[in-house]
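A, B and C are the chain letters, set down in written order, and residue numbers restart from 1 in every chain.
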Amino acid sequence: MSSSRGFAKSIINTLRELVSYKSGVLGLIMLLLLVVFSIYTIVTIPMDRAIAMWRGEGDMWIENPRLAPPEWIQFFVGKNLPKTMKFDSREISLNVAKSSAPVVGTNMRKVHIEFTFNYEYDDFPSELNMFFSSNFSKTTGAPIITITWVKPSGDRINLGDYYMTDNKYSLYFVIDPITRALVSYVRQNYGVEPSDLITNIQFLFGKFTKEALQKGNLEVEKGTYKVIIDATVFGNADLDCRMIVYGDVYGIAGTDHLRRPLEIALMWGAPVALAFGLTASLVTTFVEMIIATLSGYFGGLLDNLIQRVTEVYMVLPFLPFLILISVFYGLNIWTLLVVVIILSIFGPGIKSTRALVMQIKEYPYIEAAKAYGASDLRIIFLYIIPKILPPIVPGLISAVPGYVFLEAALALLGLGDPSLPTWGKVINNAYEQGALYKGYYYWVLEPSAFLIFTGLSFALLGFALDRIVNPRLREM
Amino acid sequence: MANIVLSVRDLYLYYRTRKGVVKAVDKVSFDLKRGETIAIVGESGCGKTSLARAIIRLLPRNVEKFDGVISLNGTDVMKMDEEEFRKRVRWQKISYVFQGSQNALNPVIKVGFQIAEPLMIHKGMGKEEALAEAKKYLRLVGIHESFLDRYPFELSGGMRQRAVIAMALVTNPDVVILDEPTSALDVITQANIINLLKRIKQEMNISYIFITHDVPLTSELADRVAVMYAGQIVELSDADEFYVSPKHPYSEKLMASVPTLRTDKKLEYIPGTPPSLINPPSGCRFHPRCPFAYERCIKEEPPLAETSKGSLVKCWLVHEGKR
Amino acid sequence: MIPWGFLKYIVKRAVVLYLTVVIAIYATILIANMGGKVDEIVIGDIRMSIGQAISQNPQYRNLPGEERAKLIEQLVQQEIHRRGLDTPFFVRSLIYLRDALTLDLGKALTMRSDTGSMLVRNIILERLPNTVLLFTTVTVINFFLHLFVGLYLSRHYGSLLDKATVALSPTSVIPGWFYGIFLILIFYSWLHVLPPGGLVDVPPPENPVDYALSVLKHMILPMLSWIISGLFLGIYGNRTFFLIFSTEDYVEAAKAKGLPPRLIETRYILRPTLPPIITSFALSLIGSWGGAIITETVFNWPGLGLVTYNAISSFDTPVIVGITVIYAYLLMITVLILDVIYGWLDPRIKVQYR
């Protein structure tokens, strides 16, 4: 059975047997899911776009909440968690009203913007920001903006006057002037000193009661809110405002500390992991096989040399070397792949394959082939390699998770490709930001789940194949 | 019959496999006298090794049926539990020389120690005493005593075989079972081993059960020959009688397929395939391949009956005097 | 009776291994210095120490800035020449090799050891015992755990426990440090029962017994993560091993000889299997040194691995080179010890040199 036809037949037999092992089938299904998922990802988000999105130039993600868990968390928490709400004065709708009128006798105009919305969520928003844009020229003067906050209870709070310092001006509602405006309103209208614990958002969206204000445990006030923006512009300038009320949750996977939607990294981690793991494993195994065959078949000086090199490799500290190269020269994912392969090819797998080759070399049909004048190359490729391939395949598949986790490990250490969104990178970010101590569990759990899924799929498949190919391991 | 050392009556050994129940030993009975050698011959897969293992109770995990009476010097050892059997029978009364002794020795323990081991376990000897005794037996089988301190891989195949034989003799058992002891060796070594066994038989008066598929090999040693087919003994005759005129058609065919030195013989072969031990043929199990088979052979199983010359044969033709 | 054969074997292995380490470290030097980085480090170091010496020397206190700079430069060039650092790349690399082999690893850029020393050697060696403590302990625990449970399972082949172990063995593909993250999540973030990292409680207990207990408490999670990781595959591997070895002919022969079952297990199954088992112990120990880097990072365990992580974060390149060298030595010693044990157990080796 050393011909190629016999080889093909044995593959089919193997597949047939594989189906009989439940673990093998499970592994295969999981793997297929991963492949489909990866293909879908590459098609929907091409790599360049993914990298650009992950770099998040400028304000790309400014409208996402920061460190927000995924939306489906609310089913476990039982509350109706706030989602991000966006209001833009350029898009007139039921919630948005805008009018502008000149002030007679001056070169000023008054721009009036109103945002009205119903707030029915069970929890406070995480943030509130306003982004103003105006095409004023510095010579005529910057617009002056007055903001009034109207709560369902009827409280009408003047949040102060603000000057646009540039054509694009961001107003973050955590700043002190707003705090002062809120605190003084409470003092004047409720006669109490509000607790230091109350955040601006809680002031804006909380139910004002004397006790709650003093203790600092405001409840969410549901109802209709109105935000009034009165701006005075000079010349023919116009003014627009975009208000973002940031939710507590976002999307299917949440966001990280840079407001990036984690789903990008989670999706892109798949093709990266698959490509890296499979390529590393395939190339390493293939090269190892060739080396072992050459070593076992030709023997002599070549064999000796290869054995010595293998011994040196055994004492080479793999990871420190990888770290050394990475720190000194920087690595992107492709150079990492090459370096990992180079550092792995004279690995321990060579010993067992070589022993097998040496055994096969002595078989009578090899002698017969030599007798009829077959060249060494022919013997190696037609007779020896088909025989040593079956035991190697399970090892190949079982080795993939190792490489996938290696890439994740390097990312965790802060090495690895800095621009590519991978699962390891996400865990690295999470770790550096202290996710485990601050309770951002989803940030760690989501990429971990993907890593585990990938690792297990290859492992299940590889182990099932191992039991098939290695008859001694079969249930006796 | 006071000098019958081993008596086997109605021994059964069935295995459970995925394809069905294998009837490896199917109601086998025979006696072994003191100092006598019985050769058990037959094709591969006829149950000879299973029979041997049944006697020393080396059973696999998937035993379906193990029954019968095995009497050693009058005591039925089948009734003993595992621990008693281990202490009193194994190696004390019956020892075993394995097929392919290349691997019968522990590779990481010195040869001398392994030979001395049964003495230390069964006879309670101290290490020095046991090794001294082992030395004697090494000499007996023709191995230099310096090999006492060597490891199995340092011995040649033939020497390992001798060592295993020494190991089997060291406790002076009543019966030694040899399962194809020479099949992995070259002809010359084979002859040497057989000579050795002959010498020991004469000196120590041990009973051998010699199992082999190589019929002519047994002619030097055997006092009686038993032929096994499909898990049953089909002929049990004195050696002289057997080699000259075998009674059972199968035995006849076996002898006819053996080349002789002196005469110009036309070698015959046995047509057909070996029988299935899961679903053996009906009636006489040899009938599909027997040139003389007739109706009764197909329907009824013949008994193991005695002929005038003292042989036991399981064949209707012989029973009815037609041969 | 001196086992000369065995001693000869040990010496041969030690020599071969040392040569291997030399090659490995030389490779390190070459790679590290391909961009001239090691040169930069060493020369920068010289410059700094000479600069310091000059500024602290009262003789030169009154020297004007320009003159001082010239003097420093002169002394630096002298030193470079003295140390042979103006020789071609190849010769330089040999000099660095000699330094590395004698563990003269220079000074760190920013890091310091706990005792304040800036010598790379001290920074690393000071932390080495912690790594050895944690990882050797865990590897030894795993070794015996897998051995005995594997032996037990090989006897109870086909039982429910056996089938469960086989089914769960793919879980070992996930490395220990990964389990570590989850363990921290469960036992610290959620249950608040165990510390999330570090060596001892802060502040460390005065009483040595309490101190030891505190260290043990901090060792639980990292050890547990590697125990869980290797558990099912390790047991499965050993059990398969023993199953295969218990069907060997000499085991049957031992049974036929009427040897008691206990004896058969120790002398006929365990004993011959030890060489390959020791080999796999060796491989797992070596693997654990590698895994140490990330595990210690996850658990903030003050060992070699954490030093590595800190060195990476602060780009302290001399430390990184130093760590690679130390690791090479560590591996060599581990392999040598295990070669010795293997040689003792496998009679073929003892006999070769008779």
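Criterion: a residue touches a chain if its C-beta (ideal position, glycine included) is under 8 Å from a C-beta of that chain, and two chains touch if they have at least 3 such contacts.
Just so it is clear, the model here is predicted, and its values are computed rather than measured.
Enquirer: If each chain is a dot and touching chains are joined, what shape do you get: line, ring, star, complete or other?
Expert: Its topology is that of a line.
Enquirer: Could you tell me between which two chains the number of C-beta pairs in contact is largest?
Expert: That would be the chain pair A-C.
Enquirer: Please list the single chain whose C-alpha centre lies closest to the global protein C-alpha centre.
Expert: When every chain is reduced to its C-alpha mean, the one closest to the whole-protein mean is C.
Enquirer: What's the distance between the Cα centroids of chain B and chain C, rounded to whole Å?
Expert: Chain centroid spacing, chain B to chain C, equals 57 Å.
Enquirer: Report the inter-centroid distance (CA atoms only) between chain A and chain C in whole Å.
Expert: Comparing mean C-alpha positions, chain C is 32 Å from chain A.
Enquirer: Quick one: chain A and chain B, Cα centre-to-centre, how many Å?
Expert: 71
Enquirer: Write out the stretch or stretches of chain C touching chain B in their complex.
Expert: 248-250, 252-260, 263, 267-268, 271-272, 274, 345-348, 351
Enquirer: Under the touch definition given earlier, write down the residues of chain A that touch chain C in their complex.
Expert: 23, 27, 311-312, 314-321, 323-325, 327-329, 348, 398, 401-402, 405, 408-409, 412-415, 427, 431, 436-437, 439, 441, 444-445, 448, 451-452, 455-456, 458-460, 462-463, 472-473, 475-476
Enquirer: Given the complex with chain A, which residues does chain C contribute to the contact?
Expert: 16-17, 20-21, 23-24, 27-28, 31-32, 34-35, 37, 157-158, 167, 169-175, 177-178, 181-182, 184-185, 188-189, 196, 240, 243-244, 247, 283, 286, 289-290, 293-294, 297-298, 308-309, 311-313, 315, 317, 320-321, 323-324, 327-328, 330-332, 335
Enquirer: How about chain B: which of its residues touch chain C in the complex?
Expert: Counting only chain B, the residues touching chain C are 56, 58, 86-87, 89-92, 95-96, 98, 100, 103-110, 117-118, 121-122, 150-151, 153-154, 164, 167.
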